[in-house]
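Which chain is which? They are A, B, C and D, in the order written, and residues in each are numbered from 1.
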């Protein structure tokens, strides 16, 4: 029985006399105990919004939520604000994209770590400080006692992200959501951070929901991958399966657009045409159609259903899926 | 054949569906700002008030039922016995202490008030902008001399800001004697440092921004950058300030009148002057002060509303 | 730290000198002179001439300026033409009143303004927001002197809650230690005197506060709105911290940065309003004194005042910078 | 007719109250302590601070208003009148030439510092003044002495007037004889001036230890004149404290006073800068009285139960004409035209408190020397037009100055009066360009240096002698008027040189007739300045010279 079951989640921004915009359009996926699940897609595909919705961090005004997000027995979407407040940081925690802007510039790192310990684990004063130091040490920040007194701007990018991770794991949450945790960092640091995340989840048996646009990250980390396009899951499979047999033209495209060292010289990349802006409403058909090479008239007959055209547990939302392995750009 | 037709048809179908979904095209700052302005209630109310005020200011003198200085009803008002005449059929606002028609004076006064506001704002804007531009340019162009110029100018404006604006105004009035011009200059001068610092500040900010960096890296001469890029982009806060200054100018003018430095020529009534000269009779004829006071407040409010709305509209931080 | 202070003060000197020259030339263009200011209706040319001679006002400007500088170096600001007393004494006598008034106004402005601004931002578009924003706009648009007169008319004359003028009640024989009426009362234990002084402060302070209050409300609102959009607030929320903590530690502490600067600058500019409020409530402060000084061509007082005020202004800015460096670690002075 | 009552004013303010209370600045505590409880303090609101506590150093009314309660001169004016009566001198007489003045002094008079009052004390004062040195000789300090007694024992400034004071001798304990060189119209009136009030000889010794200095750009008053303690007179009150910070001078009853003791124990004079400020302070009960009530407020205050007595007129407002500034004014017809054009009746009717009068000559009718058969110039626009035509000045345009930010006893609302005159003149076809100036010093400077073709100015008498009015204007050529006319000058001079009062009065009458014949300017009005007191106050007799004696005040 999965830890988190997201079922037909929809997020609609509206109000202020503006036209309603549906950012998440019926997303469903599950996360099991200790499992690492990827949520992949271009920016604007609704993956971050999904995570915020799960954390209950979307503004109350002008946002309407639909569907269910069952976190072992409790629906996160309908939870009262104060109950949500109690769960955040304790049962489910989150790591954000830009470590600098995500840390309060005028408050010492130490305080920012201890405050969560105080809130959820009732640790005070010296005890809290000790634990905080221990946490920083655990996330691999050298000389933690000194760092605790320092301010974010005095830390390096990597250390900031480590500090954020320390806060996230401070209360050993059961679900950890990481929203593009490495995008703002330079490559060498990225690897370290991913390494750290992996070992943390392994130790604690924490489930990790990895939100990224970077298939590399996914390949390195995730057990299960969900590909999002225009607010819907278009393909969902175990990591190996997905990379071996990308079935949805979009996934296919994504993979095709990654440069590969083992590709013969002169072999062209196959980027996807156009941008996320050229899309059509799911109601009318496949939102990806405008950018799709395999697009046919019947792509435009309503929302395509999730099917398992290739193997059990490998779902794709496409009327005209890619089935021949050969077509993967070699 | 058929294939082609299906092909074309499917393209068309696709096209129209694509068009159907909204595109978030990146509108330019200004167009975006305008849109937000039209959306904001503040802006609309402000604009309406200003509109009315300007109309009154323009046509006022012509539609005024009586001459503003004709002491037509001299015999009916006895300030020395606290006998005044309030609103009545032929005098909608009643009479002032010399038996003149308040309504007519109010209408004519609107123009004077507008004049004071606009001119003194312009004085402040022009002089201040020049100073600000000079030191801003000096600062961005950098170099030793540049820094020197900048820091000197800024220190002077510092002190100007430090001086209580009214005292500055009072002393100017004292030197130049009392007249409408004096009031305008006095109020205008007070605005100078504000505009100067504002323009300089935003020029420096712009100077640090990426596109300037880009332009530099393309080897465009600094002078050119300052003139073609920085200056125009630094103007929006100045424009906002200008609108707000219209309000403050009108109020400051009133304050000067209260200190007895307002435009003294009784032939051209001005709200500030009307207000301060009516103070004496507040107990007997409160409305005499209320009309001009309300006039001033509402007008100032109009400009402030519009200004604030513009600020919000132009300020990227305050969006959404 | 100390070096910063010293440097600032040194920087001030050239500006002040330049300023005083300008001022001197300026004032010398003022028509009329102290003589007839002293004599009033019965002044005859002969008398005027004689007085100007005794005062050395018949000498060329640069000579007078020279004398002024010479005195200045002996830390002597000269003598007031109006009162015939040393300018310095006059300042010492009158400045406390104005400072007291300004502080009172500032207290009102911040204590009311900041919470109001915060609420407005949190409940954006709600009635508090609308009310406080429109209120603050109106606050800016009412001429200070008119507001002062109304306040007085209502609370002093009609309702008689507050005294209508002055700093202290008649005959209340409070011992003068620092010149700050409220403080003195506390020091000497004459609490009734302090209370009396406070009662006298309320109306002028409220009138004077109107503009800073409006500004602070709007600034706080704007900067809170900005901070609310910041990632670290979201982080704080994601940690499930108590509302209280998020508000105090994460939102306000950041939102206050610009407000602090504003408060500093506003305090500097309060004097302007003080001129008006002080004359409406004939509150024996520096504002009204300077106003009459200008009318009476009281050069020594004016020059002294300008130097004085410039000093004060710089000090305030200094204070702001220091305060700023305390609350914002990123701009620590080293 | 009157739609806006002060009721609607109340309604308005009350409505505001509601609004403002919402802003939460109301307070649970009521009025300050001194309001409730037994009234033993009379608080008077003055428009300005005194310059010094020693009247002999001052020339301004605010100083005298304070010192008058504490210092007495040899002569006084009868309470509530302008008749000269004994002050510290019970009787006085002079030789026919008016050069030797003998004063029989009051017995049993004590100074505030316990010293006894006697002839020696009187002479100590006069000699002290006569021997002033250095800065004390500046007309900024000793104006009045110089007006009345001329220069000093040793004039340090060659342009100072020649001394007219000769000597003061103590004939015996209670007889002082003061001799002057030439007879002067300023005597005996001058003996009643506050500037010549008698100080305790002991205090004077202290005074002489201190210097008034003129270092810097200003005259520094001696310390003793700036704080209570040293100065000592004989008046019903003694000065207890001058709290400059709070702008208040406190006086307390002098229990060894020779005459009727002050009825109220404490007298406090506080400065309130603005006119409406003083009115509101009275209405709010923060003060018990104030001077120079705006005519518009008289009815309001009276109907609210305040006492607003108006004085007899003892002042004059005139429309000055400076012929050098605008040559057209040299034509008699033009001056007459202006005289006929101005509706002075209307000014009295609408601007002045009840009891105001149109002035027919350059002194109020309460002054000895006023003549009923001067040439009159009644309001007559047509005549004015025709006079202008005959003078070939039909399209005359003239600049007229008027003061702002001021009210004087003789000029309640300068700008309004100016606008009325302007309207009148323009009806007669004279174009008027207004030139407003700050009263002090701009306006006074402009007027005295003769740079205002038309201007409004006036005078409140120091004492009841015609020369105190016309003497200041028409004794000799003066820039303010810019004309030479020996008929006028001699006529005026003649009076001043005449020792015998009755003869002098006749000469003044002649002078007035001569002046109005020539018409150098237009006497406008005499205005009775009003003074207001609280509901529970028994006011003093009000004085035409605005010399109220607050010792007469008591509470109901």
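Going forward, a residue touches a chain if its C-beta (ideal position, glycine included) is under 8 Å from a C-beta of that chain, and two chains touch if they have at least 3 such contacts.
Just so it is clear, the model here is predicted, and its values are computed rather than measured.
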item	value
Steps in the shortest chain-to-chain touch route ending at chain D and beginning at chain B	1
Pair joined by more contacting C-beta pairs (A-C or B-C)	B-C
Whole-Å gap between the CA centroids of chain A and chain B	49
Distance between chain centroids, defined by C-alpha means - chain A, chain D (Å)	90
Distance between chain centroids, defined by C-alpha means - chain A, chain C (Å)	55
Separation of chain B from chain C, taking each centre as the mean of its C-alpha atoms, in whole Å	25
Of all residues in chain B, the ones touching two or more other chains	174, 177, 259, 279, 282
Shared interface positions of chain A, touching two or more other chains	none
Contacts with two or more other chains, residues of chain D listed in rising order	13, 276, 405, 438, 442
Complex interface listing, chain A residues touching chain C	55, 57, 84-90, 93-94, 96, 98, 101-107, 111, 115-116, 119-120, 151, 153, 164, 167
Of chain B, residues touching chain C in the complex	155-156, 158-159, 161-167, 170-171, 174-175, 177, 247-248, 251, 254-255, 258-259, 275, 279, 282, 289, 293, 296-298, 300-301, 304-305, 308, 315, 317-318, 320
Chain A contact footprint on chain C (complex, rising order)	230-232, 234-242, 245, 249-250, 253-254, 257, 327-330
Touching residues on chain C, where the partner in the complex is chain D	31-51, 53-57, 64, 67-68, 71, 76, 78-81, 83-86, 93-94, 96-97, 149-173, 176, 179, 192, 195-196, 199, 202-203, 206, 279-282, 284, 288, 295-300
Footprint of chain B on chain D - complex, ascending	1-4, 6, 8-9, 12-13, 275-276, 279, 294-300, 346, 349-354, 356, 404-405, 412-413, 415-416, 419-420, 422-423, 434, 436-438, 442
